[in-house]
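Naming follows writing order (A, B, C and D), and every chain is counted from residue 1.
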Amino acid sequence: MRYAYLGPEGTFTEAALRALMPQAPEADLVAYPGVDAVFSAIRRGEVAGGVVPLENSLEGGVSATMAELINGDPLLIAAETALPVRFTLFARDGVALADVKRVATHPHAYAQCRGWLARNLPDAEVFTVSSTAAAAQAVAEPGAPYDAAVCARVAGERYRLNALAEGIGDRSDTATRFIQLVRPQPLPEPTGADRTSLVAFLADDHPGALIELLQQFAVRGVNLTRLESRPTGDGLGRYCFCLDADGHVADPAVGEALMGLRRICKEVRFLGSYPRVGLGTELSPFLPPRGTTSADFYEAERWLARVRAGEPG
Amino acid sequence: MRYAYLGPEGTFTEAALRALMPQAPEADLVAYPGVDAVFSAIRRGEVAGGVVPLENSLEGGVSATMAELINGDPLLIAAETALPVRFTLFARDGVALADVKRVATHPHAYAQCRGWLARNLPDAEVFTVSSTAAAAQAVAEPGAPYDAAVCARVAGERYRLNALAEGIGDRSDTATRFIQLVRPQPLPEPTGADRTSLVAFLADDHPGALIELLQQFAVRGVNLTRLESRPTGDGLGRYCFCLDADGHVADPAVGEALMGLRRICKEVRFLGSYPRVGLGTELSPFLPPRGTTSADFYEAERWLARVRAGEPG
Amino acid sequence: MRYAYLGPEGTFTEAALRALMPQAPEADLVAYPGVDAVFSAIRRGEVAGGVVPLENSLEGGVSATMAELINGDPLLIAAETALPVRFTLFARDGVALADVKRVATHPHAYAQCRGWLARNLPDAEVFTVSSTAAAAQAVAEPGAPYDAAVCARVAGERYRLNALAEGIGDRSDTATRFIQLVRPQPLPEPTGADRTSLVAFLADDHPGALIELLQQFAVRGVNLTRLESRPTGDGLGRYCFCLDADGHVADPAVGEALMGLRRICKEVRFLGSYPRVGLGTELSPFLPPRGTTSADFYEAERWLARVRAGEPG
Amino acid sequence: MRYAYLGPEGTFTEAALRALMPQAPEADLVAYPGVDAVFSAIRRGEVAGGVVPLENSLEGGVSATMAELINGDPLLIAAETALPVRFTLFARDGVALADVKRVATHPHAYAQCRGWLARNLPDAEVFTVSSTAAAAQAVAEPGAPYDAAVCARVAGERYRLNALAEGIGDRSDTATRFIQLVRPQPLPEPTGADRTSLVAFLADDHPGALIELLQQFAVRGVNLTRLESRPTGDGLGRYCFCLDADGHVADPAVGEALMGLRRICKEVRFLGSYPRVGLGTELSPFLPPRGTTSADFYEAERWLARVRAGEPG
């Protein structure tokens, strides 16, 4: 049983995979060069599953992940985790902060450390590469074109670099959410604290469809924790919506809401129901939780059966 | 098999009962002196069913009927019909229009003929009695305190009165809707053109409950054709809502909407699903019909079953 | 300055007029024989204003009042009051409870005392007349056809009758709400605790109009305290809605909501803004109050002016 | 009067600037190395305005632009345009398709040409750089590390490269929307076909805020054409919403909707009202247009003034 992750070794994604599967032997964790490569490896059956980043608290949804989830052959999300993102400036031994003229990092990391770099390395040039771990790897190579890398601690250590400055992100509370993907298979059992993810393609010829979509959740008391629009690819002004909801599709409230979406949307893609991890956001501005428990749903079903039989309710 | 109606003989309700049950022998139709008496006769099993007026296009809901439906022991509506209401002025033989000084009728009939009476009998005194048929009956008695009655043609003829003027209502398009009531029993089969009636008691501690109630229908594409508030009896400002919806409770859309009401309301009283008669109002301002057919509901159920099994949707 | 009320002397309406205008000399209070007569007297200018019942906590809206408000020439509600309704059984001197064979009262009063009468006067016949005060008056006449009247204490005393039993209503918490009407004129100043009444005629060709109407209030945080449907008179299935909202039309939230109604409805009839009296219902199931104060509205107007001028908000 | 754009010369953004300002002399168009640099140049007054990409029909919102609009010092959008995006493969003279081993381009362009590259250059390595024009520039340099660039025609021509293949995007209908930014200043006059952009930060402690936000537009009949969530930066699960609406803030419907947002949101940032260009999406799934014209709004204001004065409506 091998597992894929967005590599190279030392990425935050590797750390997320270890957090999600602490018992997996290191030899079974396989780095892939891109998000699309991780998806492909899972689809082809090279690995039992894989981990990719889904969204970041500063940059939003990870485009490559969203694109694969929306348009690629269907995979299921089987688990999630969220990790704080802390950046460290690493260099080869013997390089001091004052020596750093060329810094490599990933564009998202650059965006998150821009203030620190401007204050502390105002004259350095910044080069963006495909991942923060790739930046560390590049800095570690002999004859490297870069003097230093902004990356995760795990990446700097793996490539035996020397930390020049830690916690250089402009915000201390940045976090990234990662998901574990598998091929379609039986869903994890409901735990009582689950999350359900899906993509809804609104019907073009149905004005007001977004409010109606939200109402499908609201009337069943299903709380939404995320709503992200993405282009469908069919031209400007055409969007689909990626949604996370509290609850498991086996719950009657979530099941009924999804049937409602199925009826009013052009297409609904179910992305999985899986145990929810706290993201530090107990209050959601999306929908009022309504106190409609599964018990309420089952009681109403029994009542309806009596009513349909002509018995007094 | 005997049937009760709001009497005496000659009321519009008797005409409605004949329209609903054209084969029933006249001997089996039993007049009761009040709406409450009809309900009681059905509840006690004296009759197999009965007919009462539910609403009038000028006066609105019939209070006595609404009160029994809302607060009395539960009965089911098994059928409905709507009759145009036309009023005739009847007197005993030998009484001319110019002789009429005292007119008897029911308050609703008076309200509907007020204009004609003011123009044609400006000096006559009007007395209101318990029904238009009772007015005819009273006029027919020897030594009657009234000179004429405003009532239905059938009533005047039954009491052998003489028509002085026909069609004296101020509006020509007035109609009354009647319902046939039975004790709780298996519901009529869905016909494809049905109506479902119910009473919803909103939760007092749930602000916004009326919009939420309407949303429960809207998200399932269930069209409402009537919404009437009535006091619950628990003090000013406390109301319940009597609703008519298109469709049969056996339809998945209506069933799901009713379960939704059951969850958010303090109480829901189901009043029946029965074949719908046209009321001349194809357009309803209440809710947009949404094209969510029963077929759409069943397809969505099958899709949900696949999704819950971990299969690609 | 004379004032009309629904008579005869001794009605609950007279008591309501006295409560609303405690300084008015008794000579200036004029009894009229019907709700329509009170409306006509005000419209013709015979009186400065008048008082009629609007709704009862058991029977709902008073049809005659609703009909005049909806269809008659426009009058404004200038004030309201609510009175508990207590019924007393009155008879002439020398008549004991055991002697009572024929009881007169108004149909609403009969509905509210039905239980007591059935238990205590099971063999008595009940006759319904035009008002409870008229019942008292009739009982007081020499050679009266009735032995006793169910009416208000004030009516029994006015006609010098003898109370046989007090508080005979089946519920102890019944109340009636009365309104004071005037010809169109400048509105009462806002007091900070006002109510606004109106009638909305939904557009026939606009499905979903009722939810949209409620949303017009909800988005401005305007709380509804009453919603009553009434037939428009144009056939079964056609209704208008009588609404009471918290607040004064001079308040920006209420003003904006009314403009919204004006735009989406076929017709909106404004019935007045006037000081609110407590009806014992602090919690309303209609709409969530939203904390959008007038101060919030004025601040938003100033912000919009800056934005429209191209200034940073 | 100079104008900034996202450079280097030859980007799609330069083409957009020329489309927006066809009369501007070429000497006045100044290339800046990043989206943030364009924003800074405008804020500091180095230029009168500038052009940046806002969203792409395949990739969605441009993160750097969104971040500056949401969090940077306020600028206003004064105009917009949309350009089709067509990609060409360019190389130095003498390089044939079969010779291409190393391709440079921007990550978005790579995403959009991935299929063509996989089919036609399966063995080539792809390197992502800061813009497609930078890729062309790099390929043109003597001793370039890349053999070919995927970029716009204008870029290839500017750097005197040779087109090896045209129209290599995987979709033929890709487009990018660009905006012209200026410092806060008087807004463009309404043209009758305008768009208004804004950012709404929902109140954390206000569940259901997104539906309420959408209702603020719906009740005024204001059509939304775009809704994009972005992280606020305050942790996972905290989003703000970037919205485009039909209409100008000077229109009463848009003005009233914005005041509504101001009241219910933690913060609303107005981004501008400007002439709308067709994006090929006449049908929007967001909100039903409601036929509430500005004329309807002005008529309702006059009606309200009459009502507030106590006149019959």
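What we mean here is this: contacts are C-beta pairs under 8 Å (C-beta built on N, C-alpha and C of every residue); 3 or more make two chains touch, one makes a residue touch a chain.
Just so we're clear, the structure is a prediction, and the values are computed from it rather than from any experiment.
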CA centroid of chain B to CA centroid of chain D, Å: 58
Compute the distance, rounded to whole Å, between the mean C-alpha positions of chain A and chain B. 57
In chain A, which residues are in touch with two or more of the other chains? 215, 218
Is the chain-to-chain touch network here best called a line, a ring, a star, complete, or other? ring
Which chain pairs here would you call touching? A-B, A-D, B-C, C-D
So in the complex, the part of chain D that touches chain A is made up of which residues? 55-60, 63-64, 67, 82, 111, 128, 130, 171, 173, 175-177, 202-211, 214-215, 218, 223-231, 233-239, 279-281, 283-289
Could you list, by residue number, the parts of chain A that touch chain B in their complex? 74, 76, 184-187, 212, 215-216, 218-221, 249-250, 255-256, 258-260, 262-264, 268-270, 290, 292, 296-297, 299-301, 303-304, 307-313
